[in-house]
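By written order: A, B, C and D. Residues from 1 in each chain.
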């Protein structure tokens, strides 16, 4: 018997071996709420390294696999009451598609680190595979996991802002500033088109900003005017960019992303201006959301203080005044996905939207965003239509 | 064989059943880093409720115990390669001592929620039991788990501040303000001398403030002048208080704690002024530590930005700009304790200090703090000597 | 004819020659709103220096006097349409009383820099002189001039806070920290009992904090428990102190003042907690006033944003978002005093309260505050009754 | 004799009668430092209103003129030891040029409110008049008067930032948001092309942002890509806009200006990113300047704390911790101009740059900025070359 309501969900991880930052984040995020347990893994393309990593994570040796292919094949053969429920993919970008495809086709749900695929075509192909296999697919747009981001979305839905006229979203980092060393592990693959794709800055962080704007506002980008470039000489990919935006309701927007902003940590901030009110949220102070109305005192909405909808309340673990952060936001993606998997077991028609889980549609829009802004950057015309 | 280096440590929990806030916090904190696994529990004084809680946490039914006595007795009989390694105590205060005593005497390490005991005498007695049983004992003074609190302590140790002259520590909350309902579950036991002991505000939060001041400064309180009172009529215990302090190096101090500060969330803040520099840290923005020197620009030290000692670095899980919070700070207590337990297995003489784990000495000073300030509040003399 | 409605008021200044910080502040504050003009002065006890100072301020040489006695005598002999209307006193503290007395007795209104006198007895004597001469007297408690301080007072008056239970007021500076040089001009007279009186820190800044608390709350201090001391060895007067307070409605309070808080600029902050709401204001960000209510988002009240009473509106010169500061707050004392003088000319019974001008009553309470806390500091009893 | 070193400079004002916000600001700014005295004025195009305004400002009736023509003609006939030294122009924009021209040609220096003229051609013509008449001309770009803006410029000059790669400057207001009333006095003329010129938002505030970027960085804008529009239906002029920038060293930039940003006060902020460090300054907290370097704690530079160059020191009137604001920044323009006039009296070749006074060159670049961005907004090409 395999009553998944009576046990933790079983996760396998592909990628995320020793020294990989994002693998550890996924493991924490997955297991923090006691709904999911890491049970297997292929943590590296190097077989020995993969096994060593699994053992150091206290996994049984027979579930530390030498490759993702081995993992998927072996787990698929296990009886239902032992085999894993889903696979988390945390490898470099160019491998995401193949792993997701194989996992889905062997009957495993997938949670993939962002970006979903190497390019838009792969994302579109992946959508077909998901539909055909009828497995679940989640994408780790972790910033949408913050409780006050969800509350901001609620405020938009409840028309507290009125019609939205303007969105300013920015994501600034300094880790690829001219003073930094491009040969560090992180820098070298981010700046390599073979591993990163056609964009560094927009692909890595601009896409988060675009996703956040669309997530909160409920709007879609329809036109772009992009100004991207490698600021540091000799780089093949953009390390900075600004994109003028139009949304499908006519609203104007500005998206700024930069990795050469000396001294900035990880400064993702969004401001949305409506007819009636505006909001302002920054990832560096994620438990504060500003709500501003002309001729009134600004309201400092704080996590846990006041009344919130259920989807916000369940995204918080502690009482007001006990700061939660990035790992908890990330965990909310996993928790919602776990809930979706449990529901799926009863009813195979659950949708990601229903469970507030970013999925293949966000993946496609993200990959399209990257391709559209790179294309716009190459033209001399001001505005390009956003196409998928 | 029981090589605890090759597996997660096994924890049992006493208390923390359905609806108990702090139990969930302990479970997250214990398991977040993948070093500890919840394996058993007696989650409630109500046997059925205990078992239901355990099952909902996906524990095997045979390790969901009907009482802590049953838990300790049964686990103690299990072979070494199955039995739990330590017990986390998260019950109401008045039960802490009995459970800790029984656990220690059956050969289990203990991590206790704060306060350690119901009064100072129990804490002193507990110390003797710990020494006699030679088991490990940790106390969840979670705020000392914040990376920048540890860095602040380092700055003091490295004499960056010079001689310390003044400490201002405050802990403000509004949840027991006059407008609130005293019959809520949290309020009613906090304000009940039978469950809370001789102090509400000082026992609950003042003691955290005192601990933080002594932890960072490395100093000890030697004299107090207390002004405590129930601000809200009809209450038997203090809901607000201020204590003038003297430290063992002659430094002056002020400790303010309040639960009737309308509109405050959980505002723990400490400022330490030395000859050469001062620091300022607030729990509401825990990833920022201010370092100030006369005639120089203040430095905003941020988690992960710049150079830190190893004890700080290992207390952080994510790169700069990815906020960590209360749960991660709490987890650092558990992680250090886990490390201490693993070391203990090799060498039975490890000390809490060595692993930066708050223990019975902090427990004793905390209970003494409560008794000293309550006594001072009752006298008409200004200064009372802090005695243990 | 001397229709003072048709001209600027004429001010003479005593003290404030070259290099005196506070003299320049008074000149700016007096003249910023175009209602007052500096027309004469005795700027120094050194006759030549006084004349040189006046000339550098573009005064006619015949109104640059060699002493305050000469100034008062000569101006008193001038015809009404030429002579000055009031005298601003900005000398060291120990001279305030004699100058004020002579000015009042010669028919001049007085605006005195704080503290009004050298000790409480002088302040009490001064009150009698004021009453006898029926001249106006203003005291420069400049921090009460900030628009949002006035708004805070209004909020209290309108019962937005409910009954006040707790007041925390603090005033921290670092300029007398141990690392500083006591022989600087400012430091040497502040720390000299002959020039400063019986207290340095409490007399200089603690008294501002006490005044601010009483001004906003409308309450009076009735009991004190003081802990004052020179932190830096060798000083004769306190450079740091904390005072526990009781107010006449039973509210508790804490007043902290310090000049040895390394790295602090001029950090005056007040929090007032009522049954229903609390406020929080800091002089370093004077255009922001926080209003907090349990279970609601905190409101960030900003100068010029929203609805304010007339007394607040007229204290602001620019639209929202154009920061005003200390000089404008100071100017509001002068502007209100100018209005009071103009009203006095029509009706000799105007009161300071009516024009929101700090006067002799605030002077007396301030001097009494200093004497009471110094006395309390010398006793071993916890509480002393505040007496005048 | 007319030794202007021995007296205050005499100013006449054109415009700024009852109810005009900016006139009062200029009067305060001019007179705050005791170097300048308002002596005459033509305060309104309505003769009676002009005279009434002058009298209410306590001017002698014979220097309250019925028109600016009368003012200039009459004052020019007065002997040197009585006539005014310069004229401040604070009328609506479309009158600036004619008044400045007539004043200069009658031998008066001019300080004009921003914008200098109605369009670029007038600004270019004005430059010729200034050169021909050899009078001084100042433009009130008040935000460059803030001490920490000057310090930021110094940091750039001292190469603390290294090569500048990116500038983000934004100026957000909410007072023309859709919820506001367009028929208010301020709104109606700002949105009227006959009074405002070809742009509302860019002309009113965008130009301040552009000036600030060029002032601090020492760079010049060379290319623009503008996205302007009236967000609120029915308006003839832009109320919001974003401009992508290139500077003459190749640096990228973004300039955002908006008057429809609901809830924003007057939020002018600039960030400049160099190879070595970055700065961040906001007008809403003008006494704080952030200096950030990768892998170091950010430095919070505060007005008056630490070491500054003389040009910064003389722009500050009070010690650290006493906030100065907009009026003082504005006054610094006047003070520098007063100093320039005094120097001019000795040596007729003084330049604006030498005295840090914005002048005709900034006026020309400002008007060119407006014309360039409006032109760019009308083209379908992405980039337009910035031309004058």
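In this text, a residue touches a chain if its C-beta (ideal position, glycine included) is under 8 Å from a C-beta of that chain, and two chains touch if they have at least 3 such contacts.
These numbers come from a predicted model, not from an experiment.
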### Task
Write down the chain pair with more C-beta contact pairs when A-B is set against A-D.
A-D
### Task
Could you find the chain whose CA centre sits the greatest distance from that of chain B?
D
### Message
Centroid of chain A to centroid of chain D, CA atoms only: how many Å?
### Response
45
## Note on the structure
Averaging C-alpha coordinates per chain, one finds the centres of chain A and chain B separated by a number of Å equal to 35
### Summary
By the touch definition above, chain C meets two or more other chains at residues 264, 291, 296, 298, 302, 305
### Message
Can you tell me which positions in chain A touch chain B when the two form their complex?
### Response
6-8, 21, 24-25, 27-28, 31-34, 38, 55, 57-58, 173, 264-267, 283-286, 302, 304-305, 317-328
### Query
Can you name the residues of chain B that touch chain D in the complex?
291, 295-302, 305-307
### Query
Any idea which chain B residues touch chain C in the complex?
162-163, 165-166, 168, 174-175, 177-180, 225, 227, 229, 231, 240, 242, 244, 252, 254, 256, 258, 260-264, 271, 273-278, 291-294, 296, 298, 379-383
